[in-house]
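Each of the next two complexes has chain A plus one other chain: chain B in the first, chain C in the second.
Take a look at the complex of A and B:
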């Protein structure tokens, strides 16, 4: 038959095009594509809202000592950063797969020799890059605000104590140390890292929900719900059990919730750092390992749902 | 694998694996939580009373991981109560705030200051209330401030700021010299305690009936530390105690009483100017 030679040629072409099981290059390509996609969605506009909160926090006028004033500014600014980080993480992750489906990019990508795990890893990587970048920008804004306010308060306090005239130099130093303790310190960088850990786990959970759900809205609502329950179950367990007289039904419900929903409350260890507590670095390291564990497990579970999903 | 997927619905498989992961991570997270609380990085759960007193929105915020933001918002609300002199609302609000952030010293200090100093001052000058009611509320707010201080000290055992604020209530409002001395005495040697605390301990002990001899010995030991302690109030208190305890003259300190007028410095005889003019 006349068609036999071309078939042989095609077969030999297929044999030469060996597709590796996993390619970091393909993951990085999808990651960079996701970052571009999120940039085009103008997601960074929320930073303006954050900057407005910072301006408002910087102008609080309370009858407080300089140290208390700095503590309040820090708590508001870092609390807002935390809120924006996890919320952004949920929304950005929930939008990605449905948007790819809508734009038909998903079909183009999956028609190529791209493994589904590479696609999911690339998407998650992209979201984490953008969340990390946003946290860095927000952290810098916070640092500038707290640092500026601290230097202002320190110079005012030194002026006031020197004008008073009856304070010994060591008393002035003690007072300034008290203010500096609530000011800009290198440990505050770990707060940003703690928010990143939390946002990363939130993104992984949202990715799993996104592979199950069919709409972004559903994913966003359920993810927020899961996040709130994940924050509350550690706090509310004792309360529920006491209210119900330690009923076994409540105990079972609590156990099921604890087992299925991640404990986001332990990621709130940043609160202590914001308030000036000493940070044991190994604890932060262990929290990092727990975060990696969450990312791996939720990524694999997402793959389990996504691996042969028809679109 | 495909056969397994065929028989077991995918979602159930995911839930089962999630549950298995949950069973593995739960003890790890429990241990981690305990260590984070021990390192003061994670706050212990708020007391049940705090949840009962919170508004629904504040409770939702707290449960939703916005504990710090809720506490800060409540601090602003408490300031509003301070502006409108709604002392009972302010007390309730601070009870929630300190439950939410028990390790933040400034919350305890503010609560003690508002109740022990501001609310009591308001009761002293509030003409709209009958005198008896004013006095009753004055004591109630002063003791509410003291109760906050005691809870705060139990929470932050080394806090100097809480103790100083407590001493203010005893000193300024209740004029209880013995209690004031006890609090200053308890503050001595704690990290961040300023030098004046040691002197104040002696001053108020000197005014506490029955403690005069102890106060004298303590103040004399401070006096003997050197010139830097020879301050007018310290000298005055020692002089008062010398009289009260009939200390023999030879044992008394040589410094003059700081309240008595000092003798005018002896003027040098003027040198006559040329022409024999004397400048007075």
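Take a look at the complex of A and C:
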């Protein structure tokens, strides 16, 4: 312990560390902290449930043609993946900010030289990393299940047709092509990408709601409602806006809802791919741009709420 | 003292919270002015709801004042540059319970822009300071209350701030842990940190603070050094060692002859806290 007076020693520790307008390093620190948090909260346990669904789906024995059987397995697998992705996205995002506030962790983070946009971006980035990783794992499980079933069905079909002895090689190939068309194709990766886009928009909406609300439960319930409306509002707005008997008030409310709630039906192109349809790549690119647009709008709205929020 | 020596300057600060439609508002802090000099330990005391935490949050930039201003080393408390100068330990902190002690310090260090060897060295130094080296790789979920407070103190110091703000630093901590935190605060003062402490534990404030402000219903009621605040005007007490009854009688006679009243005569007592600490320490020695 030195004998210099305290003030002198305090002044000698003057920091010159400059705080930049935006620091990617701080965003990445919060992102990696969020990923670690979600990992150690054992949120990936839901992947075991998904694997169980896959095992069950892979063992379906349906009274249908092999192609129909494969189509059903894909619909169940990818439908489950979609459900898990958006639900996980809502729950994980809704838990983060209110929980930080309840635990006062938010105070200690914002008491450091951290800008609020960096905090929001870091949290959203963390959720998106975990959702992306989960989708990769689920996609791999799906691919293994569908691929395994496809090869099994193809060899069974070839064996049966050859044993029958009445089929020409062309007919056999045609039948195999039909099965393969419903099997594991590279385009299915675009489905996983579409689910990621959808989950990202859902996470951004949930982030906005969690900056307004102070309870995780409220955020989860409202986010699910928004998601459901977002999936149905193309249909609903068509009905409400075209119905001539509706008052101007109803029409205005419908238009406001249409602006405020994202249209999740735009991601429905993925269902076509699952069913074996061919979707142009530019459409996927367009969806990517729309997703980025939604993310920017909802991040901006979240920031507007969060920037002056008092804790 | 010049204005540049002030670590915290709160001037005529008022904070009003609206209570919602038709419910009016509540004044949490009312025209408060206070000044914490660089290098001192300042204690803000008051009952629950007196405005201590609100004042602290305004100084931290977590809240904006409704009126008046708050400055930290001359910078507006809302200025992000001011956060470089502040370390903060909230009341009952939980932090991320999934992180280890070491990861926690590193996390907060990275938020302050620290990286690599600088951060590693600082992390080790702080773990040593708060005596948590042996628990560095344990997750915070397994830490006791006192350990959490100490790791909280360590994270608050990570970027070597000039001002440390502590909100009820010993809330819920047992007397031994409380004593460790008290010793750390005194050590921080010796090392030149400015400490701004909020507490309603008066004995603790009395032990560590150079100056104290007393807040009631959002207003500063009294402020000054401890001597100024607690000295009883016109009275003096003596503590004598091994005094005989005869000498005691003579002192009484002398006082009476001089017209001085002896108001009380008692044996000095140790505090319950002191007694507890002594027992805990002797127990520790016996075990080791």
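Note that in this section the second predicted complex is superposed on the first by the 279 of 311 C-alpha atoms of A that agree within 3 Å, B and C clash if a C-alpha of one lies under 4 Å from a C-alpha of the other, contacts with A are read in each partner's own complex, and residues count from 1 in each chain.
By our rule, a residue touches a chain if its C-beta (ideal position, glycine included) is under 8 Å from a C-beta of that chain, and two chains touch if they have at least 3 such contacts.
Not measured: the values here are computed from a predicted model.
Asker: Identify the partner contact of A:113: answer first if only chain B is touched, second if only chain C is, both if each is, neither if none is.
Answerer: second
Asker: Tell me which partner A:123 touches in the superposition: chain B (first), chain C (second), both or neither.
Answerer: Touch status of A:123: no partner.
Asker: Is A:29 contacted by the first partner chain B, the second partner chain C, both or neither?
Answerer: A:29 sits against chain C, while chain B stays out of touch.
Asker: For A:149 in the superposed arrangement: first (chain B), second (chain C), both or neither?
Answerer: Neither chain B nor chain C is touched by A:149.
Asker: Spot which of chain B and chain C makes contact with more residues of chain A, would you?
Answerer: B
Asker: So which bits of chain A does chain B touch that chain C touches too?
Answerer: Residues 308 of chain A touch both chain B and chain C.
Asker: Within their complex, state which residues of chain C touch chain A.
Answerer: Against chain A, the touching part of chain C is residues 5, 7, 37-40, 57, 60-64, 80-81, 83-96, 98-99, 103, 107-108, 110-113, 115, 139, 152, 155-156, 159-162, 165, 189-194.
Asker: Give the list of chain A residues in touch with chain B in this complex.
Answerer: 60, 62-65, 67-68, 71-72, 75-76, 78-80, 82-83, 86, 168, 171, 174, 178, 208, 212, 227-228, 231-232, 234-236, 238-239, 242, 258-260, 263-266, 268-275, 277-280, 283, 286-287, 290, 293, 297, 301, 304-305, 308
Asker: Can you list the chain A residues touching chain C in their complex?
Answerer: Interface residues on chain A, with respect to chain C: 1, 4-15, 17-19, 23, 25-26, 29-30, 33, 36-37, 40-41, 103-105, 107-115, 308, 310-311.
Asker: Within their complex, state which residues of chain B touch chain A.
Answerer: Answer in residue numbers: 5, 10-11, 13-15, 17-19, 21-23, 25-26, 28-29, 32-33, 35-36, 39-43, 45-46, 48, 51, 60, 62-69, 71-72, 75-76, 79, 82, 101, 103-104, 106, 109-110, 192, 194-195.
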